[in-house]
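Each of the next two complexes has chain A plus one other chain: chain B in the first, chain C in the second.
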Partner chain A sequence: MDLQKFVAKRSNWTIPYALFLAFFVVLPLILIGVYAFRNTEGSFTLQNFTRFFTQSEALNTFIYSVGIALITTLLCILFGYPAAYILSNAELTRGRTLILLFILPMWINVLMRSLATVALFDFMHLKLGEGALIFGLCYDFLPFMIYPIYNTIQKIDKSYIEAAQDLGATRLQVFLKVIWPLSIPGIVSGIMMVFLPTISTFAISEILTLNNKRLFGSIIQDNMMMSDTMNYGAALSLIMLIIIAVTSFATRTQNDNDLNDGGLI
Partner chain B sequence: MSLSPKPISGEDCTRRAPDIPLADKRKSNDKAYIIEIDHVSKWFGEKQVLDDVSLFIRKGEFVTILGPSGCGKTTLLRILAGFNMPTDGRVLMNGSDITDVPPFERPMNTVFQRYALFPHLNVYENIAFGLKLKKEDEDSIDRQVRRVLKIVGLTDYEERDVDSLSGGQQQRVAIARAIINRPQVLLLDEPLAALDLKMRKDMQMELKQMHKDLGITFIYVTHDQEEALTLSDTIVVMNKGRIQQIGRPTDIYNEPVNPFVADFIGDSNILNGIMVEDHKVLFMYHEFECVDEGFQPNEHVDVVLRPEDIYIMARNANAMINGKVSACIFKGVHYEMTVVTDRGYELIIQDYNMFEVGQEVSLIIKPSDIHVMHRERFSNTVKAVLKDSTHVEMLGGIFECEPQEDIEAGTDVTVNFGFDDVELMDYSDEGAATGTVSFILYKGNHYHLTVTSDSGEDIFVNTSEVWDDGDMVGIKILPQAVKISKA
Partner chain C sequence: MMKKILAKSYLYLLLLVLYAPIAIIILFSFTNSKSIGDWRGFSLDLYANMFTGQAAHSTTIARAVVNTLVIAVAAAAISTLLGTIAAVGIFNMRNRNLRQAIQFTNNIPMINPDIITGISLFLLFVSIGISGGYITVTLAHVAFCTPYVVLNVMPRLARMNPNIYEAALDLGATPMTAFRKVIIPEIKPGMVSGFLLSFTLSIDDFAVTLFTKGSNGLETLSTYIYADARKGGLTPELRCLAAVIFLTVLVLLLVFNRRSNRLAKQ
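The block that comes next holds the complex of A and B.
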């Protein structure tokens, strides 16, 4: 084959990426699928799944994780939205500097930040536990909420705001009737980036609760670490994967029209 | 801005609009003004966009604010709507000061240039937006939405997504959304600019009809002179933040007060002339009879000839002016020809008959078709500082001048120089100062340019060289032409 022609064709450039994806994304996924439906002897079984729904430990942890994730997401919206709103209204240069400051912690490894949080709680003589966990999660995930919202609000055409004022809307009404509805795609993006990763977190929860409170990610990790429970761990991963896929698909179709207006995903 | 009133000839009478109420620059005792703009100035940082604008608008009028982009017309509209605050001056509505009233409390509504329809609401919700804020009951809102949809011709479009509408339909929704609130004044910011020509013409007629039916005051901003002439009761011509002229479309067209208005509204030939005495004006080396009076003997004036007012015919012994056709374009209804006279003037002429390029022709101009304007200026006057006895600092540069004996260095002076004394250079470093060509007026045999210096002052230059709007130039002035007097 003519090498020059082969290189010139743009679609051929995707081959390395395709190979990478095949080996490191698709193959592991298949393996998870395969392992999830096998027992330790290697024969087909649904036992791994029935175990999840009958054994209360995993199920309870899952429900608890969803609860923690819900609280974290709500708090992130509560603190993130006003921050994003204020930032998007500030003078352009000032806004950019501030947003940079908000994103700056993301440059530091999550584990480092969590350990720093532990140190901070120790210093202030606060007990580690659920409260510390929620604090740590909010601290870690807040930028992921702020950025997409900031992005969406900033892109709202100022003439919509003027049009609303012109039609008789006070500042509060402008916010409620125009800015809030138009910023929902950003909130949806933010939720996807906070809620789902929170459920599968394990290291943060272990560090911040001294391994007292466990999230779903920890359970998966525990099972995956031991060869005799690996199949069960695979099934748990698959369940989580399905839940993530279903939720993101649901939010996507619901906001299909608006999402191209500036959300991150 | 004194203007010699034209004696009304028979022809003029038919051209004049009936005596409808008219916006004005000066306030009369009449109480019928709905909007009063009182000495409004607006600065954006260092840049002045409105310079002492005063305008009084009567109830029910269709007023168009017309001007080139950057003339301040949109800023003026935004001040009316309440989105911008004037730096100086006041805005009154029905006699009370509304300068500090926020937009949502002003009984006027705006149709925005790019419509600004809310993308998250459908047609019905967009239109009902204002009424819902006023907490009117659902039935009444429903009735009114249907009524305005009928007015704008969009019945059955209630449930449509605004993104799925064409530009013209979005425009109609924007109008419906504004008029449903029964504003006392409707502000329209170049509402037709985004539409194609055919659609624009249709919408013009509909807007005019709407204005008639609704009976509310329309304040319309546009840069399209044809649109302004078609729609308005009154046109306000603006340039560089100032009002140039206010009048009925026919007045603006037939009696422009200065070369800018004459050039901006319609096509025109603008020439230098000398008013020999009343009813006698000399231009193109020919003394014409005219109807204008009230000028000084031998006053230098500007003469406006509309292209359709010049009669063109085959070479004829009795003609006033002889020339040769140098270009001829078919424009649909008429031909547009360029005629170069034997004495070297170039004129644009429109006529239903075609004369071929190269054909010898004669021209006749009737006295009533000649419009004479006072010159606004005869030379350049600039503020300056004398640096030393042979140099003067002005226009952001240092110019050479004849040795000055009685004026000390460092004093503020006034410098005077003629339009012909300025030389413009291609490269900005060749001149003593630099500037940008900001307005070009063709005067038949030479160009009269407005050059805005980098220090922000305007100077005027006569030249036969061709420059483009926006060209960067070097400004050079002959030392012997620089006349200095104490400020």
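The block that comes next holds the complex of A and C.
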């Protein structure tokens, strides 16, 4: 009888998933913190963090990753913004097929897309290396820049543009004074979806540079996979996690909108 | 006019760059040559090798395909069940703070880069002493798929007329019957979308699988490809595999998109 009453109250239906989230999402993230402040014997230490800041290898890789991520993000804005702008012009694109073609690659995993980049470079007899890495990353992440920008430009109230035109603005002025400022939230979301994943990328850099250049994600992975450096790996992950948390908090309002409109594809 | 042509050609040029590598892989999966760019006439040898055991690793490839599918079906089914029940629960929560806390936590797996999700679950399984295998990989996939189910079911609940459920209760239906006969039919499209999305995300996953598969030799397609690519370049048979994966994902997504377009029109 009590059980029936319990099930009849539908808000109780959240409980299984709440427990699942606690155990498989929250607890694991806490564990990253726990491992990060421990040494291999299991006692408290700050050594994992001092090691990051004093040992040049990880720190250099981190700085190098930030540099590569910045270049990738800038290139994605440079090539992605015009594409998103053109796509949002309904006269030119008619229907959703074109935008769909731009979004589809988002759903093929990065590893496969990187292999495709290798295939392209092989085909054109180009050498793999830093150039391939930057090309590959842009190739991988461009759709993630186009989509949020397209989404925001689409949602701009057309009467603003008409009002500007009525008041005598030229097309350039309409763009600079109306469309560009209103599309900045989309660019911010795009940066979130390109910059952070680029830093934490692993596997891609190894494949595209034949193991010559490594990004921060690879360093995390290497340390994580060996039991004697696992705690150091956890500390590096925690640093990554803090960067993510800070940036997603700073850009929270934009993200909430993007996630809740349900328009993932 | 000129501007239109310029704008359109820019889009098509970009699409060409986006799809050229994929097209090259698919094209060169139909010729029996060691390297890409070396066309030796049309042949299905590579596909045959992949499935008949001529290639050195063909048994592993076949097993990886099976593993990938088994895990994807299991993860999608569990996520759909868990996510649907959760969506109904969250939708009926009165406590605003609690509700926001759950929704916030629900967003975490979607915002986290997959390497962080993978590492955090890896640490969980290490701490409780479960060695990696089917179960850990499936649980990990459920963890990052369920949020998408919740997000697909919630809007359907919001659009529902709450009086129908109350009417069923007034007419003497038990809450369970009312749920089965009234709510399920309404949210079913959201559940199916959630299932398809989870299935696609699961077969597509690489990072989370890599960290949770353990060292007992369990390989899915993407971890297998990674292991092989790491050894040096693309072995010819992998081109077929890549071609098959590309086409499968593209077809799944087109089906999914047509569904959501149709549902949006309703």
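The definition used in the following text is that the second predicted complex is superposed on the first by the 239 of 265 C-alpha atoms of A that agree within 3 Å, B and C clash if a C-alpha of one lies under 4 Å from a C-alpha of the other, contacts with A are read in each partner's own complex, and residues count from 1 in each chain.
Operating definition for what follows: contacts are C-beta pairs under 8 Å (C-beta built on N, C-alpha and C of every residue); 3 or more make two chains touch, one makes a residue touch a chain.
All of these numbers come straight from a predicted model, not from anything done at the bench.
Three-chain overlay on chain A, with chain B and chain C fitting side by side and no clash. By the document's definition of touching, neither partner reaches A:I63: not chain B, not chain C. Of the two partner chains, neither chain B nor chain C is touched by A:M226.
Annotation: apex chain A, arms to chain B and chain C, angle 90° (C-alpha centres, rounded to a multiple of 10).
Comparing chain C and chain B on the residues of chain A they touch gives the larger count to C. In the superposition on chain A, A:L19 contacts neither chain B nor chain C.
In the superposed model, A:I108 lies in contact with chain C only, and not with chain B. When both complexes are overlaid on chain A, the residue A:L176 reaches neither chain B nor chain C. By the document's definition of touching, neither partner reaches A:L78: not chain B, not chain C. After overlaying the two complexes on the shared chain, residue contacts for A:F202 are found with chain C alone; chain B is out of touch. Residue contacts after overlaying the shared chain place A:S237 against chain C, while chain B stays out of touching range. Taking every C-alpha of chain B against every C-alpha of chain C after the fit on chain A, the minimum distance is 17 Å. Overlap of the chain B and chain C interfaces on chain A: none, as no residue is touched by both. The part of chain A that touches chain C in the complex is made up of residues 7-8, 10-18, 20-21, 23-29, 31-32, 35, 79, 82-83, 86-87, 89, 92-93, 96, 98, 100-102, 104-105, 107-113, 115-120, 122-125, 139, 142-143, 196-197, 200-203, 206-207, 217, 220-221, 224, 230, 233-234, 237, 240-241, 244, 248, 255, 259-260, 262, 264-265. Across the complex, chain A is touched by residues 4, 7-8, 10-11, 14-15, 17-22, 24-25, 28, 35-37, 82-83, 85-86, 88-95, 102, 105-113, 115-116, 119-124, 126-127, 139-140, 142-143, 146, 148, 150-152, 155, 175-176, 197, 200, 204-207, 211, 222, 225-226, 229-230, 233-234, 238-239, 242, 245-246, 249-250, 253, 256-257, 260-261 of chain C.
Of all the residues in chain B, the ones that touch chain A in their complex are 81-83, 102-105, 109-110, 112, 114, 116-120, 129-130, 133-134, 177-178, 181. Note for the complex: chain A touches chain B at residues 157, 159-160, 162-170, 173, 177-178, 181-182, 258, 261.
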